[in-house]
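Two complexes are shown next, each including chain A; its partner changes from chain B in the first to chain C in the second.
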Partner chain A sequence: MVIDDLLKRFNDVVADPYAEARKRREGGQKVIGWLPTDVPEELIHAAGAFPVGILGTNEPIHLADAHLQSWACSLMRGCLEQGLKGTLDFLNGIIIPHTCDTTRMLVGIWRHALKTPYIDNYLMPRQVDRPSARTYLKGELARLKSNLEECTGQLVTDKALRESIKIYNANRLAMRRLYEFHGTNTGVISSRALYTVIKAAMFMDKAEHTALVEELLQEIGKVEPRNDERIRLTLSGGVWEPPEILEMIEELGGVVVADDLLTGARYLGPDVDTTGDLLDALAYRQLNRIPFGGFDSTIRGRSTFLVELVRGARAQGMVFLHLKFCEPENYDYRDMRKAMTEAGIPSIRLETEYANTSLGQLRTRLQAFMEMMGGNGS
Partner chain B sequence: MSAPFKTAGLLKDLMAQYYAKGEENRKLGIPVAWVTAVFPVEIIYAMDIFPYYPENFGALAAARKVADKLSEYGEQQGYYNDLCGYARCGIGDTYADEHPVGKILPPDLLVCCNTQCGSLPKWFEAAGRYHQAPYFLLDSPLIEGEVSSLGKAYFVEQLWEMVDFLEKTTGNKFDLNRLTEVLKLASEATRLWNDCLDMAALKPAPFGFFDACFHMAPIVTWRGTQVAVDYYKALKEELDERVAKGVTAIPNERFKIYFDHIPVWPRLRWFSDLFADHDALVVASQYTHSWAHKFDLSRPMESLAEVYTEQFVNRGFEYRIKLKMEFMERYNCDGFVLFSNRSCKPNSFGLYDKRQVIAERTGKPGVVFEADMSDQRFFSAGQIQTRLEAFFEQLEQNSRRGKT
Partner chain C sequence: MYVAGIDIGSIYSKVVILQDNQLIASLVQRTGGEIKTASRRILEEALETLGLKLYDLAAVVATGYGRISVPFAEKQVTEITCFGRAMVHLYPEVRTVIDIGGQDSKGIKIDENHKVEDFVMNDKCAAGTGRFLEVMANALEVSLEDMGPLALQSKSPEVIGITCTVFAESQVVSLVAEGRSKIDIIAGIHQAIAERIYGMLKMIKIEDRIAVTGGGAKNIALVKALEKKIG
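Then we have the complex of A and B:
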C-alpha cells in the first residue's frame, strides 16, 4: 500500500538519521549540525551547507559521563555521547542554541572534548516581549550568518537566503497540513507516524521531505474518513522519547492531536516573511514561536497557551512528557498543571529519559490515567 | 574557621534590621523588589526601592540546615528535587506551614538578571505568578569568547527598559545623579571587600574563604549604601588588628587552597575543620569575588552593563579556567578543590574537564567532589572525605618533594 510505503520511507530516515548527512559530506558538501530546536536552519542552507538535527540517542551513555554530570538531561548527554563515540565525525560544524543552563555550558565542553571544526552558539534573547529583543536578535543572526559564511566559504546572498526560506516555508506548510489532517482524521495514520514524519524533516533534504509529505497528504486524502472514538490527547514537553510512548498511548485507547514539543509543533513555528529584511523576518519568527520552558512570554504565558491549545484541538487530556533533569519544564509544571485543573482538563506528568525509561512503569501510570478518562485502558 | 570576629555581632544586628525593614518599608509605601545576587541593584537603591534577595533566604535556610525540610513543601507542589536548592527553599517556604528561618518576603515586583543561571528567571517567573507581581528579566547572553558590543548594547538598552518598568510599576523617579552617588558608594564597598579578601594571601592568613562566606552578606545586599562601606571598614580594621596581633585563621597554615565555587552551606564547619585538620586554608573562590568590581562613574549605565555582564558567571569555559588559575597564582595556592554542585548546573558543568586542564597547566593537585549546596540528602560525608584525604595526601607529597 502506498501510504505504508511512504511511512516506511520516513521511518527508515529516523532509524538511520545521519545517512543523508554522511552522503552529503562524502559528496563534498559541508554539513552543519544543530541541537534542538530553534537554530535558523535557513541560514545554514543558504550558506550552501546541509543542516542536520542532532537529537540524542536511545543507546546507552558511557563516554559522556567523564565530561558531563549524570544529572544533566539525557538528551544533552546523548548528543555529547554521539560526538565522543565518533558518530558525528561527518560534521563540519555544530550550532548549540542556548535554551537552558545545560546547553549554555555544553558548548565549552564540546570545544574542549571534540574536534568539530566549527562550533558556535546561538544566543537567543531569553525575553521575547520587549523591543530590545528584536534589535539584539537581528545582530545575533548577522553574527551567525557571517560565521557560517566563513565556515562554508560561501556568502549568504539575499537571493540565496530568500530561496532557502521559501523551501523551509513550503516544508512547514506541508507539515502543518499533515498536522491538521491528523487532528480531524485521527484514524488514518498513527500518532507515531505523524511525529516520525516531523522528525524525519530534521535529517532529510527539505525539498525531498516536502515532496514526500505532499504525496502522503494526497494518498491519505483518498482514504475514507473514519469515525475515531479514541481519547484525544495533547502532549507538552521536550521530546517524544522513548518513541514507544506514542504507541503506548494508542494501545491504551488514546490518540495525540496537538503538542508543544521541540520535536513536534515547536519545530514548525511561524513562517518567515520573504518580502522585507530577511534577518529581521527570521528574528520575528524566533520571537513568535510558541512559548516553552526556555523562555516564556510575560504577555501571553505558557499556561494560557496550553489551555487554548487543548481546547483548539478539542483534546480531552494533557500528557506532560518531561525529561528528567529538565529544569525549565519542571519550574513551569506546577502552574501548567494548575491551569489544566482549573480549565477542567485532566493531566498527567510522565518523567522520561532517553534509553533508561522504564516502559512498564510508564504504561501502568498511563493506563490508570486513560481509565480515569473513560478509555478502554486495556 | 577563625576565632569569632567582633564584626560578626554587628553583622547579625544589621541582618536582623534588614529583614525587619522589608514589611516596615512596605507600610511606608516603599515597594519591595525581589532581585538576584549578581544584578545592578544600584539602580534599585537609586530609585528608593527596597531590594530583597531570595537567594540569601535560600543560603540562610541551607546554613541553618532546614533546606531539606522547606524544599519538601515545594516538592509536594511539583517542584522536584532536581531543581536548584535555593529555589526549592524559597518556593517551599511560600507553601510551608512552618517557617524555621522566618517567612520569605513577598514581592511587589520582581527584577531578575540571568547572568548567573536560568534557574533564577524560572523561579522568579513562578513567584511572580504566585504573588501576582510584575516581573522583569534583564537578559544577558553568554560571553563565550571575546566581549561583544552587540551583547553590551543589548544590555544597556534593557537597563533603560528596566528603568521605564520600575518607574511605571512603582511611581518612583529615576535620576542619573542619584545613581552616580550610589555607584560611588558601591565602588567604595567593593574596593574594601576586595581588600579584605586579599588578606587571605598573607601567610599565615588572618582570614579565609569560609570566613568570607560569612562576611559577604553586606556586599551582596547593601552595596550602594553607606552601611556596606562602614561594615567593610570595620572588618578591614579588625583584620589589620589580627595581623598585628598574630591571630591566624587556622593554627598551623601550611597549604593554601583554591575552592570553587560556593560552600556546602549546611556543612560549612565540617569542611573548614577538615581542611584545618590538614593544615590547609581555603583562601579564595570565584564566588566571593563576584562582588569585587569597580564602576566608571563618568558613564554609569555602560559601566553597570560591563560590570554585570562581563563577570565570570556570564563567561565561557576558557575564561573560567583562566580566572581560577589567576586566583591560584594571586593567592599562592598549593592545590584546588572543585565542588560539583547538584543545585548549580552553570558552575558545575565543565568542571570535570577543567580539573584536568588546570592540573596540567599548573602542575598542582586538584579534585572534584559531588554534593549539593543546600540539600543534605545529596551529601555523602564518607565519599567526600575519601576524595579529599587523597587530595591532602598529594599536597603532602608535593610538599615533601619541594623540601628535598
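Then we have the complex of A and C:
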C-alpha cells in the first residue's frame, strides 16, 4: 500500500535520525545541530549548512552522569550522552537554546566536555510581551547569523535567507495540512504516524520532506473517511516519548488530535513573512509561537491557549506529558490543571522519561483516565 | 449466573466468584513469575471449591497490574475503576479510597454516582508502598505481620526520612547499629509511609468517608498513622 510505504520512509528516518546529516558531512557540507527548542533553522540553512535536530536517545544514559546531575531531564542528559559517546562527531557546530536552567548550563558543559568546533547558545527573551523583546531578539539573531557565517565561511545574504525561509514556510504548510487532515479524518493514519512525520522533518532535507508529505497528503486524501468513535485527546508538554505512549492511547480507545509539543505542533508555529526585514520577521515568528513552559506570554497565556486548543480540536480530554525533572512544565502545571478543571476538561498528567519509563504504570494511569471519561471498561 | 473477578497484583493475586451479585468464594495467592499460568491456576482452584469449571462462568473481568496477561478475561479494567465500583457494594458512602499495594499506592476520589472523579498514583519508586514495608521487615528481621502490632507499642517513634527505599533501608540499618529500639524504628517506618501517602493524597482533595484497601490496609499501625495524619 502506497500510504504504508510513505510512512515507512518517515519511520526509517526517525529510526536512524543522523543518516542524512552524516551523508552531508561526507559530501563536504557543514552540519550544524540544534537542541530543542526554537533554534531558527532558516539561518543555518541560509549559511549553507545542513541543520539537524538533536533530540535525545532512548538508549541508557551513563556518560552524561559525570557532567550533568541525574535530576536534569532525560532529554538533555540524552543529548549530552550522544555527544560524549561520539554519536554526534559529524557535527561542525551545535546551537543550544536557553529554554531552562539545564539548557543554559549545558552550553558550558558542552564547551568543556566536547570538541564540537562551533558551539553557540541562542538566548531568547523570556518576557515575550515586553516591547523591547523584538528589538533584543533581532539583535540576537544578527549575532547568531554572523557566528554562523564565520563557521561556514558563507555569507547569509538576504536573497539566500529569503529562499531558505520560503523552503521552511512550504514545509510548515505541508505539515499543517497533515495536522488538519488528521484532526478531521482520525482513522486514516495513526497518531504515532502523524508525529513521526513531524519528527522526521527535523532530520531530513526540508524540500525532500515537503515533497514526501505532499505525496502522503494526496494518498490519504483518496481514502474514504470513516466514522471514528474513539475519544479525542490533546497532548501538552515537551516530547512524545516514549513513543509507545501514542500507541497505548490508541489501544485504549483514544486518538490524539492536537498538541503543543516541541516535537509536534510547536515545531510548526507561524510562518515567517518574506516581504520585509527578514531578521525582524524571524523575531516576530519566535515571539508569536504557541505558548511554552519556558517563556509564556502574559497577554495570551498558555492556560487560555490550551483550553482553546482542546475546544478547537473538539477534544474530550487533555493528557499532560511531562518529562520528569522538567522544571518549566512542572512549575506551570498547577495553573494548567486549574484551567482545565475550570473549563470542565478532564485531564491527567503522565510523568515520562526517555529510556526507562515503566510502561505498565503508564498504561494503568492512561486506562483509568479513559475509563473515567467513559471509554473502555466503564 | 456465576461471574468472576481476578486481580493480578504485583505480589498477590486475588479471585472472587459471585453468584447473582453475592460473593460465594474468594482466594488469595502469591502471583509468582508466570502470570498467564498463575491466573488460570488460582481461578481454577477457587472454582474447584465450588465444584465449578471455567466454562460455568458467564464472565471474567481482570484487573491489577497483570490484567493484560489474563488470556481468558472478557474485559480488562484498571484497579482504579474497580475500587470505585467495589465501594458501591461494600461502603456506598465512601468518597476517597487509599490503596496501599505491593508495587504502588493510590488515592482515588469517587463522586456521588460512584464514578472515579480523580486519582493519584505514586511513581515507580517503592517508597510509600507495601514493598517498602517488606524491605524494612526484612532488614529488621521481623515478620511482615508483626510489623503493625509492634509499631503500636512504641512511645517515641524514630524519625525516618523516606525519599527512597534504599536510603531509608540504610538509615534503618544504622539506627539498629546505634542500638536504638527496634520498636521505635518500626513505628518510625510506619509514620514515614503514612506521611508519604498523605503527601500524595494532597494532590486530590481528601473527602469523607475514607476506605483503605490493599495489603497495607491489614497493617493496623499504618491505618492508625494515616488516620492521625488525615485527622
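Operating definition for what follows: the second predicted complex is superposed on the first by the 376 of 378 C-alpha atoms of A that agree within 3 Å, B and C clash if a C-alpha of one lies under 4 Å from a C-alpha of the other, contacts with A are read in each partner's own complex, and residues count from 1 in each chain.
Everything that follows uses one rule, which is that contacts are C-beta pairs under 8 Å (C-beta built on N, C-alpha and C of every residue); 3 or more make two chains touch, one makes a residue touch a chain.
Remember, predicted model here, so these are calculated numbers, not experimental data.
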| request: Once the structures are superposed on A, label A:219 by its partner contacts, choosing first (chain B), second (chain C), both or neither. | output: neither
| Of chain B and chain C, the chain that contacts the larger number of chain A residues | B
| Once the shared chain is lined up, is A:41 touching chain B (first), chain C (second), both, or neither of them? | neither
| said: Contacts for A:241 in the overlay, against chain B (first) and chain C (second): which applies, first, second, both or neither? | reply: neither
| query | For A:67, is the partner it touches chain B (first), chain C (second), both, or none of the two (neither)? | reply | first
| task | Check the residue A:332 against both partner chains and state whether it touches chain B (first), chain C (second), both, or neither. | result | first
| Thinking of the overlay built on chain A, is A:106 touched by chain B (first), by chain C (second), by both, or by neither? | first
| note | Residue positions on chain C within touch of chain A in the complex are 65, 68, 75-81, 104, 115-119, 121, 123-124
| request: Could you pull out which chain A residues touch chain C in their complex? | output: 351, 358, 360-361, 363-365, 367-368, 371-372, 377-378
| Touch list for chain B against partner chain A, complex | 77-80, 82-84, 87, 114, 117-119, 121-123, 125-126, 129, 135, 137, 139, 141-142, 144, 148, 150-151, 153-154, 157-158, 161, 316-318, 320, 340, 342, 345-346, 348-350, 352-353, 357, 370
| Can you name the residues of chain A that touch chain B in the complex? | 66-69, 71-72, 98, 100-102, 104-109, 111-113, 121, 123, 125-127, 130-133, 135-136, 139-140, 143, 293-294, 296, 298, 301, 324-325, 327-328, 330-335, 337, 349
